[in-house]
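Chain nomenclature is as follows: A, B and C, assigned in order of appearance, with residue numbering initiated at 1 for each chain independently.
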Amino acid sequence: MNLKNADILSIDQFEKADIAEIFSVAAAMEPYAHREKITRVLEGAILGNIFFEPSTRTRMSFATSFQRLGGAVYEVADLSSTSLVKGESLYDTSRVMENYVDLFVVRHPTQGAVQDFAKATSRPLISGGDGTGEHPTQALLDLYTIMKEQDRSFDQLDGLSIAMVGDLKHGRTVHSLTKLLSLFKNIRFTWIAPEALKMPDSILEEARQLGHHVHQTEDFKMGIAKADVIYMTRLQEERFTSKEEARLHRGRYSLNRRTYEQCCSPKTLILHPLPRDQRANEIDMDLNDHPALGIFRQAANGIPIRMALFAMILDVYPFK
Amino acid sequence: MNLKNADILSIDQFEKADIAEIFSVAAAMEPYAHREKITRVLEGAILGNIFFEPSTRTRMSFATSFQRLGGAVYEVADLSSTSLVKGESLYDTSRVMENYVDLFVVRHPTQGAVQDFAKATSRPLISGGDGTGEHPTQALLDLYTIMKEQDRSFDQLDGLSIAMVGDLKHGRTVHSLTKLLSLFKNIRFTWIAPEALKMPDSILEEARQLGHHVHQTEDFKMGIAKADVIYMTRLQEERFTSKEEARLHRGRYSLNRRTYEQCCSPKTLILHPLPRDQRANEIDMDLNDHPALGIFRQAANGIPIRMALFAMILDVYPFK
Amino acid sequence: MNLKNADILSIDQFEKADIAEIFSVAAAMEPYAHREKITRVLEGAILGNIFFEPSTRTRMSFATSFQRLGGAVYEVADLSSTSLVKGESLYDTSRVMENYVDLFVVRHPTQGAVQDFAKATSRPLISGGDGTGEHPTQALLDLYTIMKEQDRSFDQLDGLSIAMVGDLKHGRTVHSLTKLLSLFKNIRFTWIAPEALKMPDSILEEARQLGHHVHQTEDFKMGIAKADVIYMTRLQEERFTSKEEARLHRGRYSLNRRTYEQCCSPKTLILHPLPRDQRANEIDMDLNDHPALGIFRQAANGIPIRMALFAMILDVYPFK
């Protein structure tokens, strides 16, 4: 695979061997991610970190990754205070900004808008998430985390059993992660969601067609038993048309230490794309110091993964 | 001309030879602007990019230009979330911030405020636009674009025929560009605007006194015929006291491919200071891929022009 | 003292010798602060400049200080547009962000919140002010300014006479500066405030117990006479529960050239943590060019002080 000058818009664009390569470059980035080594391979390069929707952690993770490679970051995070209020099209925004940056990261609340932005420009672009669509780099760092946390080799991801819990309808991270895991063999998905928030049918079809085992349930305790990985998600309240409807589901599934120890084997890894919503308490604070709680190391893994993508797209790896 | 430590506040401060020099430095900046070459001449220097009024493109263009020279950028873009709400004067803001930066770029909605900010500080300052006043760096990049796009030498700008269209009353870019072109000989201005949005009289007087030809009309098609350059502008709706009045003029002049091909010679260059307002459609999307549409290359030219000013003001050109 | 990897949360954590050491490192930073020398000792390092409350000058001062050492800055200044609206706890914010930065600066409107943020993370953290609590780096730069402006040696700070004026109840800078001065001998405090805005009792007790002289008064002119330093403060209107109550005190104490020349010796130094509120006119504009007005040099001194702390915490001083 050659990612030089490529866009990263969807997990669909990757084959299994591509993922292996990205993970191998990510592993090489680790000492730079933790600043044990310093590089300036991206000296003089500028990242346009363009967010049409609130975000802190994803935005900051991309920015840090670029800076750790020696590049500079320019952020536009509050597009309401910009020329969009003056009636500018997304096409123009993209074509103008491409003169000011070497690479884009774009998040947008509307599904398809990131693709439109990418189409307008000749600069490479990484999606930072589009509406309820995809969030490809999150899926990459999620899988990288599973591999590292469970001491699996890449091929030992075959046969993984994963429970995905919560708002599977709106959560773009579970959409992308399901696609990514589907590249492997014999994955055992358990999707735990209320009827109204089930995983979209198209994703179900695709996973089944590829020969994976999918079990759907509303029963949390039954669902998480025997999973290698529990992937909790936040209720995406901002995606609901009615706040009252969103509130109905708040707190529906909550994992605490007692439930975990009662239902799961001690090696079961707990992940969450973050932020945790403390009003809904998807993962209780009493698990904060539990070794199975991988959520903060998961956040940390975003850095080497995103550094790897930057380095491959801008063609500076291996470092001279 | 020696721009060392100088403020850039108005086109009035330049003579024709100064412009030639800035353009020649800008040409030398091009390989750095496109990152074909890398420099760190401004290492350790900090730009204070201070915007009291929304802007993306101008702000980003200044920031990129400074970063391409190896400098760091500190931005204050939303002054409402700052100490101005605590009752601070512009004088104090300027005197305090000067301790944190090596050079200022300032935009302000009130005419004269940028000058006041500059007067308070001993640091050099470049105006990023003040109210309906001036926008000197935009005029420089506009003229630089005309020269490049039409393969003219600097002296071949004499005799240029330019049609300026739209909100000529509030548009500070046409004010500055008219002043700049007036340094040359025998410019043929055609100003196309509704009666209520005509170019201010003071600018008209000045252009005529300098011996240029000015024709004012409300007739778009007649006006743009025979122009070497059509300079479309956006209706500055935020400058109107009444929204209803602004709406009256929206969409008054719109250039599309058909009109262009019908009225203009194929070499006629289309410019616009951007953003294009898609509600008003000053330049139709059907011209997006037309070679005469110079608007995105025009935006790109902001980088070498602003790099040139930074390098001259901070006295790092020629690079060692 | 070894500040390596330390948090800076309160003046209480310092002994007198520590302050002397910080000031000595700050003095060594001066040529870098003014960019007479350039260093990149913090190359590749990232500062997380996290402000949960509006600020320009403090935020910018920390950012500049880090950049002058060659580091990069990532700012989160408007936490409302972030995942806090998605229900994230301060604990999670701290633990997630620690993966993206090498050092934190945090300001928060709630007293104790900065400490909570620091407790959650293993990264070093410098307080940028918490509610009406403390603002330790401001106190350091205030004292450093007094020393420099009055040509005192460190030990000559003993016996200083200082008048603190205004909203002494809510002003965290006067709380921290009082604590800091209390490390010296025989300080003569004059606290000038309306009854409702007096210095908190706990701070009064502490200063008296340490043997300092404290005089409290509402009489401005009497209070500032014989002071070596007049420390004016802004009415912290945003800390009042009722705007009407705040307005009652606005403009209560105002220092102008006439009052200054009438009451004070010509060597009396005028300080203010800034911003000056021009509605309240704590220090009149007619003193702007007076040599006794130290407020802008005071703002400038924030740079070497903060550079010193960064360099000591990240263990890069002395520079190699």
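Assume contacts are C-beta pairs under 8 Å (C-beta built on N, C-alpha and C of every residue); 3 or more make two chains touch, one makes a residue touch a chain.
What you see is a predicted model, and the numbers here were worked out from it, not measured in a lab.
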Chain-level touch network, classified as line, ring, star, complete or other: complete
Angle of rotation relating chain A to chain C [CA atoms, steps of 5 degrees]: 120
Where chain B and chain C are represented by their mean Cα positions, the distance between them in whole Å: 40
Chain A, residues touching no fewer than two other chains: 72, 78
Interfacial residue positions of chain B with respect to chain C in the complex: 43-46, 72, 74, 76, 78-79, 81-83, 85-89, 91-93, 95-97, 99-102
List of chain C residues in touch with chain B within their complex: 35, 38-40, 54-57, 60-61, 63-64, 67-68, 70, 72-73, 77-78, 234, 237-238, 274-280, 285, 288, 296, 299-300, 302-303
